[in-house]
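Labels for the chains are A, B, C and D, by order of writing; each one numbers its residues from 1.
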Amino acid sequence: MRKIVISTGGGDAPGLNAVIFAVVNSATRRGWEVYGSRQGYKGLLDHDYLVRLTPEDVEGITPTGGTILGSTNKGNPFHMPVHNLAGEKSIIDISDKILDNFNRLGFDCHIAVGGDGSLEIAHNFAQKGMPVIGVPKTIDNDLEATDRTFGFDTAVATATEALDKLHSTAKSHDRVMVVEVMGRESGWIALYSGISGGADVILIPEIPFNMDAVCKKITENELHDKDYSIVVVAEGAKAEGGTVIDRGKGEEGREEVVLGGIGEWVANEIRQCIGKDTRSLVLGHLQRGGSPTTYDRLLALRFGAAAVRMADAGVFDHMVASMPPKMISVPLEDAIRTRKKIDLNGDKVLTAREIGICLGDVD
Amino acid sequence: MRKIVISTGGGDAPGLNAVIFAVVNSATRRGWEVYGSRQGYKGLLDHDYLVRLTPEDVEGITPTGGTILGSTNKGNPFHMPVHNLAGEKSIIDISDKILDNFNRLGFDCHIAVGGDGSLEIAHNFAQKGMPVIGVPKTIDNDLEATDRTFGFDTAVATATEALDKLHSTAKSHDRVMVVEVMGRESGWIALYSGISGGADVILIPEIPFNMDAVCKKITENELHDKDYSIVVVAEGAKAEGGTVIDRGKGEEGREEVVLGGIGEWVANEIRQCIGKDTRSLVLGHLQRGGSPTTYDRLLALRFGAAAVRMADAGVFDHMVASMPPKMISVPLEDAIRTRKKIDLNGDKVLTAREIGICLGDVD
Amino acid sequence: MRKIVISTGGGDAPGLNAVIFAVVNSATRRGWEVYGSRQGYKGLLDHDYLVRLTPEDVEGITPTGGTILGSTNKGNPFHMPVHNLAGEKSIIDISDKILDNFNRLGFDCHIAVGGDGSLEIAHNFAQKGMPVIGVPKTIDNDLEATDRTFGFDTAVATATEALDKLHSTAKSHDRVMVVEVMGRESGWIALYSGISGGADVILIPEIPFNMDAVCKKITENELHDKDYSIVVVAEGAKAEGGTVIDRGKGEEGREEVVLGGIGEWVANEIRQCIGKDTRSLVLGHLQRGGSPTTYDRLLALRFGAAAVRMADAGVFDHMVASMPPKMISVPLEDAIRTRKKIDLNGDKVLTAREIGICLGDVD
Amino acid sequence: MRKIVISTGGGDAPGLNAVIFAVVNSATRRGWEVYGSRQGYKGLLDHDYLVRLTPEDVEGITPTGGTILGSTNKGNPFHMPVHNLAGEKSIIDISDKILDNFNRLGFDCHIAVGGDGSLEIAHNFAQKGMPVIGVPKTIDNDLEATDRTFGFDTAVATATEALDKLHSTAKSHDRVMVVEVMGRESGWIALYSGISGGADVILIPEIPFNMDAVCKKITENELHDKDYSIVVVAEGAKAEGGTVIDRGKGEEGREEVVLGGIGEWVANEIRQCIGKDTRSLVLGHLQRGGSPTTYDRLLALRFGAAAVRMADAGVFDHMVASMPPKMISVPLEDAIRTRKKIDLNGDKVLTAREIGICLGDVD
């Protein structure tokens, strides 16, 4: 091993720079050279986007949000849309060109940090012979293969802090506040922030919700002189019987600030059902940004160091994963397949119910 | 002076509890008794809502959000809606009853903390003979009579922190992020948070905006390799020529999370105009909550102490106001009349322009 | 089960109020009555210190620091110092009186939240027949029986935030900053905050340190144009060969702000060894205070709910413990015996070394 | 005007990067070139330390602590210590060399950001003919010539946050906590943070303190069932009658972490006087670091923009100053002479006394 390249792909997640910091430092200490490919794979297409990274270059980046490797959303090299002079769009495959450049530049390993889309691309490159190591990145914490992903603790902290702020206002105004948080397939952020932030109701994709149960909880609060309620809704929550929320779909699907999103829908239902002043708020991108928490920094640094260890051992086409107290490697192919759902019989769900949080079902 | 009562009215604002802390402590040290009227004037109607407040009772409340005197939004005693047994609504005036109770309970002064609505009610009570002192409360900072109001610095800090978080995401995704902040009549929160939070464009009610100027700024950014932009929009900003945004209007009007609000409208225009991935976010109630900043705590404590000083001096039907480095008293009648607009020739606007922020007009 | 009492003992830890919140809510939902014993066991001696706790009483306490049950440090009921009229001190055992009161008041269970001292007392009461359940509390995270303790993540976050702040000053002044953090027997806070906060050197009790190795690391930094360094020292760190630091010992031993503590000693050594401007700082009690992080809130709430579950199942003389993803019960006797040391071959230590942090030994 | 250089000197202060951001952006928009001199004046001695600064280079630096121009503490060019080959030290004047370089490089203006030491050097260069503009920098807020200096609000916020954290611990342990904050000549940080952070006692250099008054306040607290107290001490506070605290003096004097400092001295006195468990803590450098508050960012950006305006107008040998709502210029010579003391008859001191804070004197 002499020369490696690192790239970051997909959406923003707090901790990306900590991964880069750890990769650069632990690889450099092994005597290797490290390069960063800016804007996804662009550094492997255009020399101007390939940067040498030394420990000096990455000094102090661990606490920062975003990624020093710039915009991460530059499309799939295997299906790259291009426009000809007449403005017509076609799809081309530029993966060979990238692989050629990778080899010509003498790289021995590519560490690809990214979400499931980016990791699938990484796996495809591995199939073509590129020695690739994946580092998982999703603030949703919904990968079965790893106990935790970095960015999740920060997203939960941001959502919880928002709930803390909304409490005093909801209380001062005798209101119901409905807060929509991220979580299209699973309700990790909703459940964790809702419990920590003192929510009265938490609605998650894993449990189709019943509006009567929700309204009953809010009414019960009033009977106990608690004239306000906080409702946390994961963006992927669905009403029982399949109320379909018509929502736009952005390039990546999930982050769209949705007109008529589920949070607003729930707020309307509550307003109609119990005639109470009810407002809704979409936290949206706030959950992706900011300085990573200590927890996420430590996890991201460990991911980075472990990826270099894997490179050293020659374990390619695999992804780093956390299995406390260890770091392990799992085949990329398996890793990107399985999503992690909330265990409805687990201790966190049980705790939520026991401390009186309504999860939208009839208990 | 022997016995005073304090009430908080109108929307939530960080610093309310600091005012209460200072009133209780400085009145108690003068040998007075202090009572709190919970839920606006309700404590002067119903004994259960009147609470004795000693320094022990208010220990440690300064850093907390909300108000220990509970919900603040209970209507105007001079125009109180009531429903008879048949469910018919009528408006009655219960101000005499409140005044009678006030006198019967032997109160010598009422310190009313509130926004312009609450201060007008306080003034009406003063006209009827109640010895009232007002403490201004608006997170919008738009009262001409006082240099600053508490809650504003906290609201600006919350909005700035949100902008900090959105920067990394906007950058990672090459996006335009449009953030709608509070400010129906004037753009104080937008201007302060936009400058501090590194916005590229700030749109305020004081300057009708031109979409061409906005889009030009975003396009210029791209020419300088800055492929993302942050746009801050005050909820009361308007396009040149009077584009009317159809927005719902809540009980208080202003805090509605607006479908088709101005932030979203601007985002749509940008998307259409330059075809760039553009998202919008409404900060809404987040700006009202949370622990007050040091600045707001100090200001609120000084307001409270000054109100007691005014009570001691017998200066009623007046409001506390800040005129650095002093606290002064201004007649309530004058105070609630005049709104403070941003000085378009002032140093902050000049600074914004000089460091390259587009204010929506053509320069 | 009909009536339970909860007490908090030992030093402050962020998350105590979250435990109380969960206990009160989950017990109340089971139809039980909950009481709080203020000031340790004082509520079981003096009626004025015994308070009824309903969900209304504990609303909103989860995010707050400290404990609503007041001062926690009131001595051991089995060895209580008293003074007679002549001022002479003697030691008496008031445990029988407490047990009598407990029974006479009709309590069915005592949930004791505390550190090893408090848990040992709880165990002693269990031996005498009191149905006791322990909830572990130590910000040091050094209990073998449980994977994590609440308060630790908050302490690490506070220490990391301090390191973040010191970076810019150390850099601006070309200085070495030595920061002493808590950790008498083990270096958990030092290791976690040091890695996350970008320390150059981390000294922990588990690894006797060599000043030459420390100074070599700082000198190497300068060779790489990094003219400043950050050194994190656990208060219980020791130099190789047994340099004994003469430090005062307070009532509890550990929290004393130490004159001539290990941080200052290390700073002096660095100053003498390489003649560099070196300052030291003791974080001390800052690590114990403040609002719990989301992580600690969730953990503390789960501890509280699990303790009530144990009460329901009649599992006494045991302590709640976290064994992810479950909560389990362990006998109090075993739980308080074994301290958890950092695994020197574990992934966190490995990561620290790989990213270039000096752990004080010669590698 | 075509080409300007900016330098930062003296200790770290949150907001330095915001000044640089504003200078670079507003100068560039005027069509000027901006350079940064790294490490004080070093960029005017050694080409390697002179960097071109464009808006791209300073993008995103406003929220960051420290200064991108590196170490600020490199001595006085008029009295520069040098060592010959024999190791003997002598003092030389390198100001001519700097001025020559400045002129040879074609600079039209030097914007010097710094404390009183740096501003005096700037004035000396102005006397020699260099067109210099000063920007004041002190977190102590003790310059008579300007209403406020950036960094102060952040330092107060850091100190207040520390007090918030110490409250719960002091309360849980029935302790007196003594916190030493910055302020050698005046007690601005102590007064502002002490009032905002709920201190019981605030000791400042402007009021020689009486230990009996301090202990009386703490004892009174206990009579009101408040068994803990928080004491804030400015590092320059002195006991009545001139108790001299023997403290070391560092290069800059003020920031030394002092053995036997005034905080510890006060803690000892309290311990002896009323036999209460009393601990002390020195906040030290924590007050200098971290991301600037919104208030400080706005002020620092305005300072930077105003400095460029002064350059444009050719107003040299002057310093930017804040006189709300304006920015003004004051002659450097006058500006660095007069320190601003706390007005003992002002509203803040009055408020402190009225809400029951002991200021160390006998009232």
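The rule is short, and it goes like this: contacts are C-beta pairs under 8 Å (C-beta built on N, C-alpha and C of every residue); 3 or more make two chains touch, one makes a residue touch a chain.
Keep in mind it's a predicted model, so treat the numbers as computed, not measured.
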item	value
Chain separated most widely from subunit B, comparing mean CA positions	C
Computed distance of Cα centres, subunit D from subunit A, in Å	40
Whole-Å gap separating subunit C and subunit D, where each centre is the average of the chain's CA atoms	34
Gap in Å, rounded to a whole number, between the CA centres of subunit C and subunit A	31
Sequence positions of subunit B contacting 2 or more other chains	164, 167
Interchain contacts, given as pairs of chains that touch	A-B, A-C, B-D, C-D
Complex interface listing, subunit A residues touching subunit B	11-12, 64-67, 70-73, 158, 162, 164-174, 177, 227-228, 250-251, 255-257, 259-260, 264, 277, 279-282, 284-286, 288-290
Residue ranges of subunit B in contact with subunit D within the complex	21-22, 25-26, 29, 55-56, 59-60, 62-63, 147, 153, 156-157, 160, 164, 167, 192-193, 195-198, 224-226, 293-295, 297-298, 301-302, 304-306, 308-309, 324-327, 343, 346-348, 350-351, 354-356
